[in-house]
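What follows is a single structure, written as structure tokens, with notes after it.
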Amino acid sequence: MSFQNPVFIPGPTNIPESLRKACDMPTIDHRSPLFGQILHPARAGVRAVLKSETAEIFIFPSTGTGGWETALTNTLSAGDGVLAARNGMFSHRWIDMCQRHGLAVEVVETPWGEGLPADRYEEILAADTHHRIKAVLATHNETATGVRSDIAAVRRALDKAGHPALLFVDGVSSIGSMDFRFDEWRVDVAVTGSQKGFMLPAGLAIVGFSAKAMEATATGTLPRTFFDVHDMARGYANNAYPYTPAVGLMNGLNQACRMLLDEGLENVFARHHRIAEGVRAAVHAWGLELCAASPDLYSDTVSAIRTPEGFNATDIVTHAASKYGVAFGVGLGEVAGKVFRIGHLGSLTDVMTLSGIATAEMCMADLGLDIGLGSGVAAAQEYFRSHSATSLLAAA
Amino acid sequence: MSFQNPVFIPGPTNIPESLRKACDMPTIDHRSPLFGQILHPARAGVRAVLKSETAEIFIFPSTGTGGWETALTNTLSAGDGVLAARNGMFSHRWIDMCQRHGLAVEVVETPWGEGLPADRYEEILAADTHHRIKAVLATHNETATGVRSDIAAVRRALDKAGHPALLFVDGVSSIGSMDFRFDEWRVDVAVTGSQKGFMLPAGLAIVGFSAKAMEATATGTLPRTFFDVHDMARGYANNAYPYTPAVGLMNGLNQACRMLLDEGLENVFARHHRIAEGVRAAVHAWGLELCAASPDLYSDTVSAIRTPEGFNATDIVTHAASKYGVAFGVGLGEVAGKVFRIGHLGSLTDVMTLSGIATAEMCMADLGLDIGLGSGVAAAQEYFRSHSATSLLAAA
Amino acid sequence: MSFQNPVFIPGPTNIPESLRKACDMPTIDHRSPLFGQILHPARAGVRAVLKSETAEIFIFPSTGTGGWETALTNTLSAGDGVLAARNGMFSHRWIDMCQRHGLAVEVVETPWGEGLPADRYEEILAADTHHRIKAVLATHNETATGVRSDIAAVRRALDKAGHPALLFVDGVSSIGSMDFRFDEWRVDVAVTGSQKGFMLPAGLAIVGFSAKAMEATATGTLPRTFFDVHDMARGYANNAYPYTPAVGLMNGLNQACRMLLDEGLENVFARHHRIAEGVRAAVHAWGLELCAASPDLYSDTVSAIRTPEGFNATDIVTHAASKYGVAFGVGLGEVAGKVFRIGHLGSLTDVMTLSGIATAEMCMADLGLDIGLGSGVAAAQEYFRSHSATSLLAAA
Amino acid sequence: MSFQNPVFIPGPTNIPESLRKACDMPTIDHRSPLFGQILHPARAGVRAVLKSETAEIFIFPSTGTGGWETALTNTLSAGDGVLAARNGMFSHRWIDMCQRHGLAVEVVETPWGEGLPADRYEEILAADTHHRIKAVLATHNETATGVRSDIAAVRRALDKAGHPALLFVDGVSSIGSMDFRFDEWRVDVAVTGSQKGFMLPAGLAIVGFSAKAMEATATGTLPRTFFDVHDMARGYANNAYPYTPAVGLMNGLNQACRMLLDEGLENVFARHHRIAEGVRAAVHAWGLELCAASPDLYSDTVSAIRTPEGFNATDIVTHAASKYGVAFGVGLGEVAGKVFRIGHLGSLTDVMTLSGIATAEMCMADLGLDIGLGSGVAAAQEYFRSHSATSLLAAA
């Protein structure tokens, strides 16, 4: 098993050295005050990354999927209405989870490659005069299609419709990498994981609850124990946990937040934007198109790249892994075989990015696509040359 | 934060050097064949540690609590009957989980310090002629009281009553340290976590399902997504996972199983028994009693030690941490303040154990208990001298 | 301090993950048999990497410079003649060391960029009828100029002249990366360090002595203690060391040898050649020249690249570090400012190499050189596409 | 290979977690400014640990033995007189090194177990009216016998004799653990290594030179290159090194100094004294004697314990390793078989120390010595109870 090349999957990301070390921690007594010295700063750090003053932050030994379940089961009851749009594999899965938990999901089918249809949301919400809809789901960044949706617009849709539904946002592949404004957007539950913008191994579900979401926990009757936020909150109040916490990962999370906040969130976002623009310059130079339908939807954490009709995009991923030892992402669901994905979030530099672009070029050429070797690299180099200050993480 | 002294909590345990390194792994693509090279041997290793030929092994990024939830939500439906005994904090919590999920729990209240009442189980099961009871819960080792129950006896109770209920066993603090016979005892779901006998950081729920339990998943209607074993099984069949796996921990689990199996399970159990006997020799020399009511109930992974009437046992734990930097376990629930616990499972040697015993002695003396300094140490030394071959983990 | 990008200095190299872990070792008793389990396989591994059956291998906590001193002080006496050619900074420094130790060095001044002048050696040796020359120095790979010399030719020169001088070879930047034949070339002392072909941190001098060199230790009177090979040999015979060994590094060395031998030395050399050819294809595409005067001299571990007259090559190195966070090597001594160096030895893949080439391009363009962006990358891609099987180190 | 138990050898010591991580560092370019950020603080840290304002600190990839050679070869010339006392294995070896380098050593034979004979030094120096003696060697702490000598007294001897000889002090097993006053004692060269008070792996020779020692380098003609302090100083002035530095270890040294200085040197010394007193209380309880002839000579870093006549003390060490997996030190040279040694320096707590004492008790009892199990432990417990504040290293 070789770890020489960086990975270019849209999470888990490359892990900075300092975070590897923060996670690799000997056992401490998680019932001792030492644990509080990790828990509380980690929660405060996440809150700051969410741009929130007041969100209640909960950290579960789980993943983003567990975070989704936390949002639903703590606030909703069987039969409750949920509004969601399906525009990619991850929004699809969250909808599926709602259905398995007996929620009545109003699904807005949306072309994969498009963003969340805020206008359509507004119409549906306005029509829901009995407020059967209790929650609106919004996938901030569809990892499957590389589409970033406009959460502020979803909030406006709710406001214009005068609808009291909770706003749940899947920020798994956006939080910590792209601008996320929990308070300004009045998000009720934000969900993420450790393995994306926080640059850690997978293993933590990280959720933020607004005061309104906390209130909803009093009425939600879906069964829950592992993901119960009250047990969690009661534990936190005593420097403790309802079960055994993943201490090392939480120590890593604490350190990751410090790294992001020390760099400055706007700098972090600018860094992701610059690297994404480099990738997009390469895609343009190759004469290919992104899955995302328009530039305002372009994700700064992952690019899903459409390959020509009749070509199996998954072959690029398989070939890159077997011939060059490089991991890209395959297309999922409706876009399986039609796109391949370059993840460009977390701990990545211009220089690392160029190696990914160069590898994609070799693969496409190997597989018979008409791609000029060095063409994408040159486009990205040109962009990086004029936009880079050194893009290194200080403690990486 | 000092990591110089070993911990003596009943999990998470001291982590062997080789497992620290196995867990501390750079990112790989969890959708690539590399992941299968970790996943499948890890599952096979767990199966062997369970002494099973056929158990379906599922590994969730979660904890033992999530394993309990996996057992319940995949096989049962709201209103189903469950038989359980409450003889400690962990059996209490599992019962509480059942109740939160709408199960009808028949609770056999049992003195804390006693084992599971197999005879009483048999009576109740025999009386349940309509088979309203769908599952019997059995906590193999009550971590709160240091009591190991007789699971074979519980199985016999089911058999004698001719009752078809599923047998769910919490083996969190027994599996990998004390004898556990999934097949022989016809366990239907066994639950454990990564941070006990497997000597890893917390972060994995590890469960084994019998064929009968797998069948029950077809009828169980409790809502579940994160803990759905079908999604998990479907993933495994494709070298994959329904969401992002905790790859490093799973790599550690694979390695941990190899360590245990290379040492030989019977040797592992004998090692735990010897170290536990050393601790018990010390307790005897101190003139104190175990919480466990009789020697057949003594746990080889944790000893809960009763302190004299009027003395707050928790002070020992607080004092040990603040003055000597050593972590013991406090009493929980009904035995809070009445016992303190010495965890002696996982990666521990005779020599490390002596330092824990010596520390407990100093603490008790400091706090005014009439304990002869060196008395417990001498008793344990005597035991270890005559029973030890070197007790080191080869790769620790 | 960021560790995100690979380094492209000609040593220390990028360290494979598995070697990081092998070196990062808790303390063991170096006077216990455990140490022998590291020492002896490490020495056997080095012997195999040298392609020797009989060389005595000595490992000092030191560096290649200490290895040079080991060669000289154990075998020679003040006033002894030494024959050496100065064709780069490292041959220069070894000559300087001889002079400081009172040896009479006959220096053959050789243009930097040329190889060792075997013909001239032969003439001088033939003329040395009194055998005042006791040792011939040969720098196998001049790290400063990227020139690999022909050691077999030096051996032939000695043989043709019928001269009994010892043959000392500096293989610091060749051994473990390029073909080295201790026995076939009848090398008397070979010198290397841990931080080049062995891919470890600096900290070990590694030397091999022939039987003839061992004999010479009986007559050499230069003072020595730390570097005395007899003390070392006496220690080894008792699983021990004359002082405290650098156990972790030696454990790493043992593991490094296993990696190289498992891959197969010829495969290791082919891998280095392929990557070097990729770099050279890029240099050619840029329209630049190597410092090495002719293709037969091209080093497979480092390329020193001449920049146009009037341009300060060192600026590339400074700029790459400050703007892109990438380390190249500066020119040293006579070629300072005239060349920059790309190290391409040790743990490097095609993909990593492309990122180095791409960075060099950006730097040269930034600094006003007329270099087509992507041009060198494309040339290297073309080469790698047609010559690569996956070039990953199995355990890296 | 098990790393579960602490080691009780007098170096290398147990390595604190934070120092393991500081040493385990990816490759950086040691010719870049990054290296200066490690080098200069490390040197300043060592200077502070030496209690010096002005010492020139040199750090070699080597060991304490290399530090001795640095002292000699940089300042002395063949035939120079050196005054030294032989009172243990390490003073013996330094004398041997002098002789090999052609120095005229006046050896004061001193019983092993005694300290340096300052009075005798004074007589000899006073008699040396021609100042043939150029240097006085003083082993601060004889690791072989557990004897700490009075360096201030040696300085007074020089002063009283009005003798200009340089004062060279071997502080390998004292510096960083016991009080060392470079400036106050007017030490000219102090020598230590990384693996003792600095708690790091072996691999660094660390030396401090006074201004007077630096002056002597102008006249010393012993050959030297690897250990030449001028090359080193010239490198430092350019953030550089004369050859490849052991960067990770130096990073560890920097961090180790910060740990020691943050704790406070007097606190560090007090901690070592307390732990040593605990060990000595145990020795007394066992009815055994230390090799050190009187309490003023007791070392706070290592205790050499005499075993009864006719008993082979080395058996304890062998038995402890094979039966209990614990490393003690054997007797060396004149006291081989007569003493065994408990190292108690560096990263050690009261609790860890008790496990070492308990192990020694078991071994002695196993081997037939009349030692009461628990007797030494109880004596040490009593001492620790009344003298301990928590003795944990903050960052260990």
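In this document, chain identifiers A, B, C and D correspond to the written order of the chains, with residue numbering beginning at 1 in each.
Keep this in mind: a residue touches a chain if its C-beta (ideal position, glycine included) is under 8 Å from a C-beta of that chain, and two chains touch if they have at least 3 such contacts.
Here is each chain with its UniProt name: A, B, C, D = Aminotransferase class V-fold PLP-dependent enzyme.
Remember, predicted model here, so these are calculated numbers, not experimental data.
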item	value
More contacts between chains, B-D or B-C	B-D
Chain whose Cα centroid lies at the greatest distance from that of chain A	D
Chain centre separation (chain C, chain D; CA means) in Å	34
Where chain B and chain D are represented by their mean Cα positions, the distance between them in whole Å	46
Distance from chain C to chain B - Cα centre to Cα centre, in angstrom	53
Multi-partner residues of chain C (each touching 2 or more other chains)	1, 3, 14, 17, 26
Chain B partner contacts - residues on chain C that touch it in the complex	17, 21, 26
Residues of chain C touching chain A in the complex	1-5, 14, 16-17, 322-326, 347-352, 354-355, 358-359, 361-362, 365-366, 372-375, 377-378, 381-382, 384-385, 388-396
Touching residues on chain B, where the partner in the complex is chain A	1, 3, 7, 9, 11-15, 20, 23-32, 34, 37, 61-66, 68-69, 73, 78, 96-97, 100-102, 193, 195, 201-203, 222-228, 242-249, 321, 327, 329-330
